[in-house]
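Chain IDs A, B, C, D and E follow the sequence of writing; residue 1 opens each chain.
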Amino acid sequence: MIVRPQQHWLRLIFVWHGSVLSKIFSRLFLNFLLSIAVIIMLPWYTSLGIRLTVAPFSILGVAIAIFLGFRNNACYSRYVEARQLWGQLMIASRSLFREVKNTLPDDPALGEFVRLQIAFAHCLRMTLRRQPQADQLAAYLSAEHLRVAMDSSSPANRILLIMGEWLAVRRREGQLSDILFHSLNIRLNDMSIVLAGCERIANTPVPFAYTLILHRTVYLFCIMLPFALVSDLHYMTPFVSVLISYTFISLDTLAEELEEPFGTENNDLPLDAICNAMEIDLLQMNDESVIPTRKLPDKYYQLT
Amino acid sequence: MIVRPQQHWLRLIFVWHGSVLSKIFSRLFLNFLLSIAVIIMLPWYTSLGIRLTVAPFSILGVAIAIFLGFRNNACYSRYVEARQLWGQLMIASRSLFREVKNTLPDDPALGEFVRLQIAFAHCLRMTLRRQPQADQLAAYLSAEHLRVAMDSSSPANRILLIMGEWLAVRRREGQLSDILFHSLNIRLNDMSIVLAGCERIANTPVPFAYTLILHRTVYLFCIMLPFALVSDLHYMTPFVSVLISYTFISLDTLAEELEEPFGTENNDLPLDAICNAMEIDLLQMNDESVIPTRKLPDKYYQLT
Amino acid sequence: MIVRPQQHWLRLIFVWHGSVLSKIFSRLFLNFLLSIAVIIMLPWYTSLGIRLTVAPFSILGVAIAIFLGFRNNACYSRYVEARQLWGQLMIASRSLFREVKNTLPDDPALGEFVRLQIAFAHCLRMTLRRQPQADQLAAYLSAEHLRVAMDSSSPANRILLIMGEWLAVRRREGQLSDILFHSLNIRLNDMSIVLAGCERIANTPVPFAYTLILHRTVYLFCIMLPFALVSDLHYMTPFVSVLISYTFISLDTLAEELEEPFGTENNDLPLDAICNAMEIDLLQMNDESVIPTRKLPDKYYQLT
Amino acid sequence: MIVRPQQHWLRLIFVWHGSVLSKIFSRLFLNFLLSIAVIIMLPWYTSLGIRLTVAPFSILGVAIAIFLGFRNNACYSRYVEARQLWGQLMIASRSLFREVKNTLPDDPALGEFVRLQIAFAHCLRMTLRRQPQADQLAAYLSAEHLRVAMDSSSPANRILLIMGEWLAVRRREGQLSDILFHSLNIRLNDMSIVLAGCERIANTPVPFAYTLILHRTVYLFCIMLPFALVSDLHYMTPFVSVLISYTFISLDTLAEELEEPFGTENNDLPLDAICNAMEIDLLQMNDESVIPTRKLPDKYYQLT
Amino acid sequence: MIVRPQQHWLRLIFVWHGSVLSKIFSRLFLNFLLSIAVIIMLPWYTSLGIRLTVAPFSILGVAIAIFLGFRNNACYSRYVEARQLWGQLMIASRSLFREVKNTLPDDPALGEFVRLQIAFAHCLRMTLRRQPQADQLAAYLSAEHLRVAMDSSSPANRILLIMGEWLAVRRREGQLSDILFHSLNIRLNDMSIVLAGCERIANTPVPFAYTLILHRTVYLFCIMLPFALVSDLHYMTPFVSVLISYTFISLDTLAEELEEPFGTENNDLPLDAICNAMEIDLLQMNDESVIPTRKLPDKYYQLT
């Protein structure tokens, strides 16, 4: 995620890093070259009776814009929902630990429980990014818990089960009444909601045919555009063609990036920073002395 | 569902499998032939005083694009909601079993309960896809339960009732307090929400008149398009006409596929894989030794 | 509601029953006649200096399409919400009875309670459709309950109160603990949500001015359209004018139908079928022997 | 709110009362006069080299239509949300009283409690409409309660506090267990949600700049429109210009009305009727003998 | 936030303060100058073969309008959600204190608790606006609590923990049963939801690339517009170009303002006024004698 401070409108026009421009530059350049070729070859192919006008492309352009708007909406919704799920994890984590600490203030194993919660967040993050987890989780989990979690096909879910057992032991020992056990289980369920929600977003893409149809029509539209513009604009064709292509291709490409919000591209969610903030919060709530430092954006305003 | 990994933008233009192109190819080809016929017959019917221009089709095209955008939105919402319901089933199943296991860790019938949960998921999947169920469910249900469920007009709902009885027996025997019984009933209610939600999507289509009006206007529009384009574009008519038709017809067709997300077409939900993942998760939570293998996409990136 | 199975795209173009075409045919025919009159009178009124071109109608057409899209969205949302409310009634009914049966398995009056639930659904349906209720409800309610309910200005709400009393009696007699009474009251509240939600949709239409403004602009647009098209299209005017008018008028008319989802028109909700399914489910859950038959669509695929 | 029964499409074109037409008639008439002036002055100002064409206004018109659609959506959402909040008040009121009556069937002060609930609804209505409240509330509240409520800067919230005290007294006297007290407090919280939700809608308008930007562009567009249309349409300019202006100005004006749904304009919510219905329902639930009559629409189909 | 009363439509066209016009005036003026330069240089650059027509800009304009509508939607949703979160804080605060007061009416430390709640609201406001907090919070918190909160990296969350401890002490002393402690914890969780929700909106902007792409295309579009309009409009170019530019640039700029709803710009949320209202409400509920005065808009209708 890029957290650029507000800037003068004129400077924004020239920003390179963090835009999708770097990704699509080659395609726009091809479009530029094609436009020049079209200008040069114009006399030849009009003599063959081939001609294109802007009017039909106007229908097509508006239709594609509407459908692209729809797809952008769908992809952006995934991004927003993913962010909301991580926000809910923050809520559930804080509330769960607040209730546990207030109810069992003198429990010697509070540190163990808070680490289970932190491990859950890191585990979820690494699962979503398909990164190896065992090394990092070893810092938070006992050897036994780590082994059980890693053996499971869904380690984050297993950590939830371990947290439930931690609470169930205290219920059986009489330290937690049924009503408070029920109350804490609601928080665990909230975490389960986040887990399954993130899995859903990661495993179920926007139907592939949407991506395909829009991709195809956008590129065919941009390829045919110079032919349609040239009779009206002549020497200006390359500039207008590239500007229109930029509008369509950049939004198509951005939608593609947002579709998978858990990646590590420019416009993806800063899961590292969120997990880091959660860890700091929970350790401070437990009044621990060693607190990690807060993650900050790099010089490109990038937060991972 | 197709889970295609990211590909070069150029290769995507030529993808055949998994697009709706295979479905609508014949219609586009008809459109191509019609365009050629229109070019050939142009002198004849202009001599009769018949002429069409692009301008009125521009109004019609934009209007259809807007309404098609609306319908796509409605159909995609059904797809997303269906997926969310199955995600909620995952959440409820895990939470229900976590609470049951933590509360009754030594109950000898935990295996029976976990199989009731798995049976519920499979039963819902097969109900939605209108597949025969008795054989598959026999692997999870006792003969008595299977008979009762199959006798009901809504087997999945009956399985929920059986799960409720399983819990109620333990409440009457004093192993579950009223508060924990209430807590577990909330999870059963969550599963009831999923059941009725899926039934709603499967039984209540988008109002038929929407499908009809858009279908009709899209096809009439595509049929009249070559007549309108020919005076401007002449030899290029077939190519532009097919491109515009492709944009409209493919989105109309895709909306139709997404409207029924529980089918087994290319862009439908992978209910088999979701049930399989749920089964693995629940069995691992019960620390069982025999776990089914995970379902993976086939060579066309297809997951059912 | 029409539950038409998937059909060949070509056949759909000619469907008559279930479309709004039957409703608006006379208006489209008037438009056709007007177009012919316009062609005939063209020389006369151009000699008076009256002329219309397509360009301004393009602005108007797109604006109306956008606003019509907005209104369709608003009306369709009402339809979807209404359907979801009835889905929630299904959920609440099943969960309520499941909990009651599991908690009080030997209560001799379970049959009475299940009939109160069924009466609630039928009563809500008939209230929404403004049908007389006493006769039908007599099949489910005792004479005393029927009298009290019919005396109330909101019979469905009164039935909820009676259900609450049924449960409260058991609480006072010690068969239901406070926590389970609370749990069951949540389900009654869910039914209250459905009741007030349906009343809201039935009593609060989309602001009348929306209907009015769009109605007026759509019809004025369609009336002026032939004048604008005739100079470009001449003999083709009637066909193009009717096609464009069909697109706009049919969507305006369909929005009007969906605005009131509880009616008995082609595209309204099948409340009879939903109540019937609910009745079957609840009676089967109570293991009763006499179960009504399931309602099926008629030969026009129509379900009421 | 206007509750007009369905009418023939032709008659709707001529409806005057209840449309926004009465409000904007003078503006449309000015537009008409301007168009005539533009026709008359055409030769003079074209000789000065001033000319306008439809094409740029097409871009502007579509852009304004899209943004107007967005603003209409935002304002209509406020209207819908406001209506939903009052629906939730209906739900919470009925459920609260149902639970109170079922739990404390013999309490002699039930009549006092039901009047507290009715007072809350009326108080909220009058707060939102900035009407004096003391006289009307005196019919429902004891002198002491009325004084306390009127002294508060948020009387409705104070009435909620009094209801909470009513319940808390019964808890302290042992008539309500903690669990039922908790259950009833959830209903009070539901009413608090309605209260704060309505305050939010009433106090936080749609950002003023939206209103301003759209207002400005809509009127500047309508003023410049006749100049752009005149060269194409000549004598028809006034009619087409007024039709297009009507479409844009009426939707802008309607959005403005819906933005403040608690007013007493034609398209605002019928809070009087809703409060009246709620009062009848609650009194009937308490089996009282004196019930107010139901409010009905006046001869203009208007409900306040 | 600007709370302008309704005004005559004609006066609204000339409003300066509170519009975004003051912000973008220089850009529009540049556009005006550019248009004049374009008129003057027209003969020169047409002689070079450079020409632009409106048609391609029509495609571009509509596409940008659609995408701008999408971005406005996304930014306005953030604004609405932010306002809803503060509304939820109002709800949770009132309900929490109502329950606490009703349950513990004679607790001598009620004043301390109500100040903890007020401190939470002010702390959240100042955190979101990145203002120094210690001085203001000292008015509500004890020295010890202030120190602990300020030491935390998330002071508002720490205050929630302190509130939880306040309640937990009373539970351990037997004044609060487990069920009521659970009930009050739900309210603390509601406040936690508000906290994390606001943090999310403040820390996660709309993906930077959206802002960038739209910014860029809007400005390039406005720069090229005069070249496209001049051949049609000649002397009228500056006026039409500025009007179209105003429509696009003002909405782009407003979206940017709404994206960060917690700032102190014209169209941001009035957090000061909301906190002030909350403080008055809570102190009045505790029947305190010293109540702050209500914050009112200044002479520019501005509320901060």
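Going forward, a contact is a pair of C-beta atoms (placed from the backbone, for glycine too) under 8 Å apart; a residue touches a chain by one contact, two chains touch by 3 or more.
Only a predicted model underlies this, so the values are computations on that prediction, with no experimental measurement involved.
Shared contact partners of subunit B and subunit D, listed by label: C.
The angle of the rotation carrying subunit C onto subunit E, fitted on C-alpha atoms and rounded to the nearest 5, is 145°. Rounded to whole angstrom, the centroid-to-centroid distance between subunit A and subunit B, based on C-alpha atoms, equals 23 Å.
Centroids built from CA atoms put subunit D at 38 Å from subunit A. Contact of a single residue of subunit A with at least two other chains is seen at positions 55, 58, 62, 66, 69, 179, 182.
Arrangement of the chains shown, judged by which pairs touch: one closed cycle in which each chain has exactly two touching partners.
In this entry the chains close into one ring whose order, counted from subunit B toward subunit C, is B, C, D, E, A. Contact residues of subunit E toward subunit A in the complex are 27, 48-53, 55-60, 62-64, 66-67, 69-70, 74, 152-154, 157-158, 160-161, 164-165, 167-168, 171, 178-179, 181-182, 185, 188-189, 192-193, 195-197, 199-200, 203-205, 207-213, 215-217, 219-221, 224, 256.
Against subunit E, in their complex, subunit A makes its touches with residues 1-4, 6, 9, 12-13, 15, 18-20, 54-55, 57-58, 61-62, 65-66, 68-69, 72-73, 76, 79, 83-84, 87-88, 90-91, 94-95, 98-99, 101-103, 105, 177, 179-180, 182-183, 229, 232-236, 240, 243-244, 246-248, 250-251, 254, 257-258, 266-267, 269, 280-281, 284-285, 291, 294, 301.
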